[in-house]
Amino acid sequence: MSTVESHASHEHHFAHHFKSADHEFLTSKQGIWLFMVTEILMFGGLFVAYFIFHHIYPGMFAEGAKSLDWRMGFGNTLVLIFSSFTMALGIHQIQKGHNKKAVLSLALTILCGAIFMVVKYFEYTHKFHLGLYPGKYLDVAKVGAEHANLGMYFGFYYLMSGMHGLHVLIGMALIAWVLFRTMRGDFHSHYYTPVEGVGIFWHIIDLIWIFLFPLLYLVG
Amino acid sequence: MNEPKDVHHIVDYKILLKSGAALFALTFLTMIAFWNHHHLGAFAAPIAFLIAGVKAAIVMMFFMGLKYDSTMNRIIFGLGFFFLAVLMAFSALDIWTRVPVLGTI
Amino acid sequence: MMWMNVARAQSLMPTRGTEVASQVSNLYSFLLIVSFIASAILIGGMIFFAWKYKRKTDNDKTPYISHSTALEFLWSFIPLVIFLGVFVWGWYVYHQMRDMPKDALEIHVVGKQWAWETQYKSGVKASNLVVAPIDTDVKLIMSSNDVIHSFYVPSFRIKQDVVPGRYTALWFKANKLGEFHIFCTEYCGTQHSGMIGTMKIVSREDYDRWLEEESKVGLLPLAERGAKVFQVKACASCHSVSDAVVKVGPSLWQRFGHEEETSSGEKVMFDENYIRESVLNPNAKIVKGFPSNVMPSFQGQLSEVEMAALIEYLKGLK
Amino acid sequence: MAATTHHHNPDVNYINEFKGIGSWLTSLDHKRIGLMYMISVLTFFLFGGIAALGIRLELFSPGQTVMTADQYNQFMTYHGAIMVFMVIVPGIPAILGNFFLPIHVGAKDVAFPRLNLLSWYVFMVGALMGIATLFMHKVDTGWTFYTPYSIKTSGAATMMVVAAFIMGMSSILTGLNFIATVHKLRCPGMTMYRMPLFVWAIYSTAILQLLATPVLGITLLLLAAERILGVGIFDPALGGDPVLFQHFFWFYSHPAVYIMILPAMGVVSELIAAFSRKTIFGYTAIAYSSLGIAAVSFFVWGHHMYVSGQSETAGIVFSFLTMLVGVPTAIKMFNWLATLYRGSISFQSPMLFALGFLFLFMIGGVTGIMLATLAVDVHFHDTYFVVAHFHYVMVGGTLMALMGGFYYWFPKMFGKMYNEGLARVTFVFIFIGFNVTFFPQFILGAMGMPRRYFDYIPAYESLNKISTVGSWLIGIGFLISLYVIIDGLLRGKKAPANPWGAKTLEWQVPSPPPHTNFHHDPVVTAGPYEYR
């Protein structure tokens, strides 16, 4: 492959099957959007299942939602929205050639992701402590559950927030990678495709959380 | 394919700031609605998701830059939501229209 | 109509045992005729063109025909009309299958791995056997003990999945006396193909007589009653009783009073207590060479008398 | 690498430009990746085929003959899972699509070559995980993994499910790549309406792969979670709904049927135009009908569930929508027929397979309409009628097209000609064997024989015997094909650039093509079937 990223000059050598660097950029961006569609549909499948069972067992879902602490979810929502802002800001700064500022923005984004995961960790350990495990592992006696299949709610809770958390971790790793490359000076106002792609991925994570928060914590 | 004229559109700093502020405000609005959900009754859930929808739209348009992107990319992303709706609609159609067979017992 | 009769004769469907079955056969025959005509046009046309326009020389010139809107409209519109006609016809017949009659005779059917259990309102039970009177609306209320099964009577053209955790239903009004096959058509494990039952359509009098006889089971000698329990619980689908042939589980023939070696290597006497334990908690002591987690537990499904009868029956298998 | 500095040496091509196994395993060349897919898919086809022969052998006579009921259920499961996930879904798109789609649109490669190579590795990881379950406690769920059986059964079902999930990711990457390639990498002059119909078909398939596969992914993950955690979403014992599993499953698996057949339709369009030496009749209608089929296929999945306990209303809606899919399919059939009219038809082996496709797909199509009809399907559902129907579509359709396409493009891919006489013999064996195997199954189904049956009542014996004999004929046919391929590779005559006199772009470049596909950047001025 002839995508050899040059360090010294500000010219990006695009791959041999593209006409120009812009051609490569637009194609890559479309590829990222196509990939995002699969993310929407995969998480969407979970949402559909959630809605259907929420309709069938409203009482059980209400009981489950009650045991979640909205303050944790609320705080995490703000953290994630802020991280989305810093991510967008980072791209803005790279586009303008302010790479030093961009490094700071990206680092802030990773920090926000880390805060989000730490909060998640405390949420999870607290739930485990109470015996609120997913599915058949939920300790009905210890929890004093009114609904025998409360495990289903926590099945949804752990699957949805777990899958989301996994995406946060992957996102953090990807941002760390583009952060490293920004520091190395790989990107400039006309070549920043990986940052753009990672940015869109990070925003998808935010997008999904925007729906997960009311779904899991508020609507019961 | 309808390409944008400026390939590397730079979203204005102020727009990003406004979007972020709007998202924060809407999150607080969600909480205000939640604290009053006894007054809202059956509307509590739809309102929560309506606010979430507005927030999602802001993220998609300004943070993800779909507002400045090509029509094709907008169609592609829209298709995801459309077919998700199809999955939801038909699965729900079945479950909502099932007739219990044990009327007499 | 002659075409219809020829098609029906050639459709090779099983005997029609209900009015609905005849309607399905009619629709299928119609579909066969239409399909035959469509295939004759397309495949016939293909063979004709292939023969007529065979390449003659390597420099053949072919005309440049890009499309014909009229033709293309025609061969999308005509199939569409036919398809929609077939859809409406299919809907009409399907609705009759699904529209449950009001005052039907109700029979409960439970699917389990791997047998059909039927329960009549009078308390009579049967296994892999549905006895129903002719010319009567019969409604089967079905559920499953374990996995999804599907209740299928080819001669009645009816089929319905039997789903655990909920009830599904089927109805029929037989117009022919005799015995018909019941198949399970949803894959359910090892003995899926062994879940074959009999749908026995009898006259009203025979039906009443059968119910009467079955309800006298309680007066039978203990061993005979045990044989009945053995049959009703479909034990025979996995255990042979007349010879040593191994089915899914070990043969029970001539085992009583003998020692068995279990999978953990210990010896256990095949006595009353072992039978009881194996029926209620099948995985406790598995005979060597057989898999565990295959036999379902019958905990709560047998009365003490039935258990005693079953043991008495197994004692007598010589 | 050497891509941009190509010397026009006619003896240098994509096969011999770089040497050694390492140059293949790290190759970003879409042609080489296509061949790597070919080798793996053909290997898995061998596995699936052996399972098929085993199934038919057991069914030769009623009762237990060569295997136990449990073994039969495992054979049935592996036959289905291997053939669907490892052979037919990746089959035409990943082999022929990878090789020819970029050349067809005048591109030097697919849009994301690294992603393309990654998709092959992901596919191999998934496939080998699936194969590995053979050495564990074998899976017996059937390829459909219906709950709650798939939750309760022992065996390596969880691993198989994860394997299918991974292969799904590979399928997504392939589809994504093709969509971006078609949108962005067409050469100057190559408008959407100058693309060969094969590209339209693969493009429509790619849309399906992208939109449907994620839902399969989440469904399989939920199933794995069900087995590990007992979440209860699909398990009725815990308050779940097994019918919802079927909705989720068929939301993918019905479009997947079109993932399997649309590429075959694309191949057949190419073959019929090339061997009739005539422009395709109704190009636009065929192109749009591919997209139409892809779109409508998302709305019809419930026709697999008429008797599942789905509501009557849902059944009616799904039946209506299913009838609509029949229309674009009918358009294609009639347009192919009209293309033959006044053509200059040659009966070389690829064309024989194309005509065979038309014959078998016709039968598969009309029986599809029968199965879409509510009342009739109640009788046919899960009987051998369904088995026969989808084999007519997927084997009679897809596999015939794959074989035809394979012979058609063999000279281009390897630069060698194969033994035409023997290739025709393979057609005779496969075509006749196929009909002998599967036509009796329509009758068995009409008589009421359920599918996935290890044993059957004596009334079904003679037809089952005929069917088993047919399977041997198919087996012989494929063995001869294997010989034809190896013989062609070893001893084949050197192939000219355009042995069939076809007009699409791949025939305008040398056989085999150079690493960058074209010596000069192509500029297109006319449609793909300009036989004037």
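Note that the chains are named A, B, C and D in the order they appear, and that numbering of residues resets to 1 at the start of each chain.
In this text, a residue touches a chain if its C-beta (ideal position, glycine included) is under 8 Å from a C-beta of that chain, and two chains touch if they have at least 3 such contacts.
Since the model is a prediction, treat every value here as computed from it, not as a measurement.
Asker: Which chain's centre, taken as the mean of its Cα atoms, is farthest from the centre of subunit B?
Answerer: Comparing chain centres, C lies farthest from subunit B.
Asker: If you count the C-beta pairs in contact for each pair of chains, which pair comes out on top?
Answerer: C-D
Asker: Between subunit B and subunit C, what distance separates the C-alpha centroids? Give it in angstrom.
Answerer: Here subunit B and subunit C have centroids separated by 47 Å.
Asker: List the centre-to-centre spacing of subunit B and subunit D in whole Å, with centres computed as mean CA coordinates.
Answerer: 36
Asker: How many angstrom between the C-alpha centroids of subunit D and subunit C?
Answerer: 32
Asker: Could you list which residues of subunit B touch at least two other chains?
Answerer: Residues 72, 79-80, 83, 87, 91, 95.
Asker: Would you give the residues of subunit A that are in contact with at least 2 other chains, written as numbers and ranges?
Answerer: Where subunit A meets two or more other chains at a single residue, that happens at 26, 30, 34, 37-38, 40-41, 44-45, 52, 56.
Asker: Quick check on subunit C: which residues sit in contact with 2+ other chains?
Answerer: 168
Asker: How about subunit D: which of its residues touch subunit B in the complex?
Answerer: By the definition above, subunit D touches subunit B via 183-184, 211, 215, 241, 243-244, 247-248, 251, 298-299, 301-302, 305, 309-314, 317-318.
Asker: For subunit D, which residues count as touching subunit A in their complex?
Answerer: 1, 3-4, 28, 102, 107-115, 172, 176-177, 179-180, 183-185, 210-211, 213-215, 217-219, 221-222, 225-226, 229-233, 238-241, 244, 248, 516
Asker: In the complex formed with subunit D, which residues of subunit B make contact?
Answerer: 1, 72, 79-80, 83, 86-87, 90-91, 93-99
Asker: Quick check: in the complex, which residue numbers of subunit A touch subunit D?
Answerer: Interface residues on subunit A, with respect to subunit D: 1-2, 15-18, 23, 26-28, 30-31, 34-35, 37-46, 49, 52-53, 56-57, 134-137, 148-149, 151-152, 155-156, 158-159.
Asker: Once bound in the complex, which stretches of subunit D touch subunit C?
Answerer: Its residues touching subunit C are 69-70, 73, 140, 142, 146, 148-149, 152-154, 236-237, 239-243, 276-279, 281-285, 306-309, 312, 315-316, 319-320, 323-324, 326-328, 330-331, 333-335, 337-338, 340-347, 355, 358-359, 362-363, 366-367, 369-370, 372-379, 381-383, 443, 446-448, 450-457, 531-532.
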